Amino acid sequence: MAENKIKTIGVLTSGGDAPGMNAAIRAVVRRGLSSGLNVKGIYKGYSGLLNEEIRDMTAKDVSDTIERGGTILYTARCAEMRTEEGQQQAAEICRKHGIDGLVVIGGDGSFAGAQKLANLGINTIGLPGTIDLDIACTEYTIGFDTAVNTAMEAIDKVRDTSTSHERCSIIEVMGRNAGYLAVWCGIANGAEDVLIPEKYDYDEQKLIDNIVESRKKGKKHHIIVNAEGIGHSEAMAKRIEAATGIETRATILGHMQRGGNPTCKDRVYASMMGALAVDLLVAGKRSRVVGYRHGEFVDFDINEALAMQKNVDSYMWEVCNSLSHNYRK
Amino acid sequence: MAENKIKTIGVLTSGGDAPGMNAAIRAVVRRGLSSGLNVKGIYKGYSGLLNEEIRDMTAKDVSDTIERGGTILYTARCAEMRTEEGQQQAAEICRKHGIDGLVVIGGDGSFAGAQKLANLGINTIGLPGTIDLDIACTEYTIGFDTAVNTAMEAIDKVRDTSTSHERCSIIEVMGRNAGYLAVWCGIANGAEDVLIPEKYDYDEQKLIDNIVESRKKGKKHHIIVNAEGIGHSEAMAKRIEAATGIETRATILGHMQRGGNPTCKDRVYASMMGALAVDLLVAGKRSRVVGYRHGEFVDFDINEALAMQKNVDSYMWEVCNSLSHNYRK
Amino acid sequence: MAENKIKTIGVLTSGGDAPGMNAAIRAVVRRGLSSGLNVKGIYKGYSGLLNEEIRDMTAKDVSDTIERGGTILYTARCAEMRTEEGQQQAAEICRKHGIDGLVVIGGDGSFAGAQKLANLGINTIGLPGTIDLDIACTEYTIGFDTAVNTAMEAIDKVRDTSTSHERCSIIEVMGRNAGYLAVWCGIANGAEDVLIPEKYDYDEQKLIDNIVESRKKGKKHHIIVNAEGIGHSEAMAKRIEAATGIETRATILGHMQRGGNPTCKDRVYASMMGALAVDLLVAGKRSRVVGYRHGEFVDFDINEALAMQKNVDSYMWEVCNSLSHNYRK
Amino acid sequence: MAENKIKTIGVLTSGGDAPGMNAAIRAVVRRGLSSGLNVKGIYKGYSGLLNEEIRDMTAKDVSDTIERGGTILYTARCAEMRTEEGQQQAAEICRKHGIDGLVVIGGDGSFAGAQKLANLGINTIGLPGTIDLDIACTEYTIGFDTAVNTAMEAIDKVRDTSTSHERCSIIEVMGRNAGYLAVWCGIANGAEDVLIPEKYDYDEQKLIDNIVESRKKGKKHHIIVNAEGIGHSEAMAKRIEAATGIETRATILGHMQRGGNPTCKDRVYASMMGALAVDLLVAGKRSRVVGYRHGEFVDFDINEALAMQKNVDSYMWEVCNSLSHNYRK
């Protein structure tokens, strides 16, 4: 039995960075050390793994990091890791460094790499780290809570000036192909319209009619939260202004949504997930993805996790709409 | 059938205020109006109900409120509502104003009043509104997320100065008899020690030894998050300073934890709960408490809800400890 | 003497809104009332003046406004006010409503209108309200402090992710033709390069060399703060990425810089300026602009004020540069 | 001439820490290095100087510090430095380490030490670093702007809950014997009463009458900002509640006011002051204190600076009062 015991684990962040990743790294490091393991930090994602940018981590290395945005391990895209050759080399390097378990913090793309490594015999545990919430097996992803608060606060500010000038404002939030950030902001900012890829029918005339009607009823501003997956906010603003005569401005919030000190939830949940990843490795589990589901931190087989589907909750979407424009009925 | 249809609902906030209550009120009002109901706002909790401080609400009355702390309906304690006479009078007034359903946003104490009204034939729906998270039937209460972020940000600031001066700092957070706020901050702020009523053994010597040992190992600060349910932070600071010779200061965060613009989660979840409360009334459900459990917005019988028990999650508590002082092993 | 005494004053906000305008309005209203004057709020700037959107203000009308962004009096552009006819009509309406003194909160464009009214016999006092700091007679303008903090905090966030990905980031801040916001952010965010219209020589090759050299020396990110007066950040990002091979992204912060709860300085200085405006009117002064200069709140003749020039402080500009890239020498 | 040229400078922070100190340290280091000097960081104030906790600083040592609260050089009280023996030893150590000029960032107490060192032949430059603004020669001190915003934001939050519960709230802000923080918050938070040591007549009955009268006029809350120099907020709250029957709560904001990420102004002004300190040393100036006065960064002889007096601006105090309770006249 003893020979099955893992001794050394590695941790890396991959793909787009997300606030809370440092909390997860810290938890992996400290939980690992307090479980008697060696912990190695792998810098710059899979790219750094292939370049062997690997260092031993101490408890102190992660001091004063839980409150910081970004990732102290850096991150990078890695085309090589999509090739079979790259994957085999990565597995080789893990073995060379005695890494018995690898914690990969990232999104679906990063998990695909983890899955390949798992198939090559390297035990990997995926932690969902993305501001987009677009990982099917989990209701929570590291960074979403911070990003959605950052976006919401920015939209609150745009709303102030939008009201003062009685403008229509389109604010484009991130989310890649998913509308979660947009729906949450739509509800939280009391937006008049929310456009998400999962639901938008591209009937811009309806949108324009809505704006005109709303203005007639005395609304001082008209806030449209537009998801990145739809995009083209500048052009949309021009068309709306042309059609309605109402001054319309677009703001694309951009990369500020990826940064910032993590919120309490992101710090706490990322810490829990990091600790659980280590506990799974210690318990001898193999090739899992950690998720938060039905109110609990759980783990799934990596292949099953990648095959799952999820969608914007239809009741939430319905409420989102009923609290914004439908109430004018 | 038609005579069962409700026509008019009321909404009030009761007990301690919590950020997000306005989002819940707004959702009740707008969901109510868009469901064809009349909605009456009852000011100052049960006290205002007894004084008939009741006004019709329009969609516009709740404009620009979702982002604001406090409660636009005000709140107050009401000793009278604990008497049978008061309860009967309250039921009478509901009937007089044609209130077919009453949404009560507050904590356990407020639900006790709601339960009495329910027994007197007034259909009531409770929404969990408290920063303390101490309502058994739900994993989420309106205001907790904002309060825990407010406390965390304050502790981040105390930590800066605590490090600069190499001090020990005790920060007392709210939570009444529950330690949820303290545990979350404990994890999120990387506190060296967390004291909560559910777990603290009052072995102050152990705490002192921990501080001394930690200082020896080179830690520049020592943050103790102390829950309100334990309290006495000032005296504790004096004893610790006397015993360790390390400068020790107490900060009691106090009422600022109750205020502030609600976070995105509090705005969204409070909106969902407010909408669900109306939907339950429209669906003819009676005497329910809305909760968030296992990842869903659900409802419970008010008597069952009040009989439930919950506790700080033991895995979370264990992780909290392992990431703070245990890692020094 | 008594017939010289003013009895009624008006207040309006004009041009782009700025955080702190509400504090100024509140101060005009309350200082006016406590000086025994009637105070009339004019809505939507000069446009509302011409449409006689004028209401009496009470102390309560400005309660709970000091902490809010935007302007409760709204603002609008007004082409008519640039015509002689419009100006005469505006003066007429002031006389009709018995407005003995008019406080105009806005930028240079708004002061031009005020100057015209002054020439037509309407006593006007200008308060400098713009986030751009581009009013020559004053070292402080209402809204600058909030806007520069908003921009700085956004850039802090972009910097997190820029570091994690080892990217070059161009962040475009507002300021119209002036570089104040950019210089302040440049220093406060420790930007590697700051581009302002007053100083930029459009030598992009120098900028590119700087980026390449900086990367060679191990800098993980390269932050360029670009002023609106230079603009074209997206195209610049593409050229830089093409020339350096370093991933480069542009973020245009946009209208969020105009909103948000005002900072303490903006609340306090706007309050002082609003009070001083009333005091000047009560003291019988005519056609002044309030400024903050050499550490004091002062007033200037409106014609003199409009003829003044100012520029980015050369020592500040020099320090800005020496703390960013020059230190690498 | 050449032998007069300084080669090595030291920098330390002393007394209470203040946000922006890191920006000042960074500016001293980078301006020093770019001026061709060696820069030594002295840890833990005068105490660390006496213990020779002195390290060479590189540009990189101050990377990513401008946005952080606290002081990376730590700070401590030092009783020894108040003795002649300690002072001579400190001067000796400076000479031993070849420190030709010493930049001391701190308050009046720290400058007293600097003055002694100056008298012993060590060229010292003082930078005003204190959240209390209580340094006579300057209108700005490093940290005040951040602290006053932190306090203001906390009071905004208390105000939310104070309004919801129709309470009287006393909020105690820092400031030692000076009332600057309290006056600024008083204006910025629209406090009903502001108590500062420079002005308070300890006529509590007047305060109580004011509260009662205000409540009669329909004010939902009553905010009293109380300066640390008056203190005793808890006892005051009890007396007010007893006398008025209005629920009254005290909040002592405490050490959180010392921490937090510095505001833009604190980062920029601290950077300017740090750079100027180095420029003064390079220019051969001796024993100066840097200040901000009449809109400019200036320097004073250290003895003259310590002999100056200043007071809360009487116009600001008058405006503060006229915008809060006097307006009810």
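For the reader, a short list of remarks on this structure follows.
Order of writing sets the chain letters: A, B, C and D. Residues in each chain are counted from 1.
Methods note: a contact is a pair of C-beta atoms (placed from the backbone, for glycine too) under 8 Å apart; a residue touches a chain by one contact, two chains touch by 3 or more.
The structure displayed is predicted, hence computed values, not measured ones.
By the document's definition of touch, common neighbours of chain A and chain D comprise B, C. Residue-numbered contact pairs of C-D overlap by over half with those of A-B, the repeat interface among A-C, A-B or B-D.
Centre to centre, using the average C-alpha position, chain A and chain C are separated by 35 Å. Centre-to-centre separation of chain A and chain B, using mean CA positions: 27 Å. Here the spacing of chain B and chain C, counted between their Cα centres, is 40 Å. Contact with two or more other chains is made by residues 156 of chain D. Arrangement of the chains shown, judged by which pairs touch: one closed cycle in which each chain has exactly two touching partners. Contact between chains, using the touch rule, shows up for A-B, A-C, B-D, C-D. The touching residues of chain C, when paired with chain D in their complex, are 23, 26-27, 30-31, 33-34, 59, 63-64, 66-67, 139, 145, 148-149, 152, 156, 184-185, 187-190, 261, 263-265, 267-268, 271-272, 275, 293-297, 315-316, 319, 322-323, 326-329.
Within the complex formed with chain A, the chain C residues making contact are 13, 16-17, 19, 44, 68-71, 74-76, 150, 154-166, 169, 220, 249-260.
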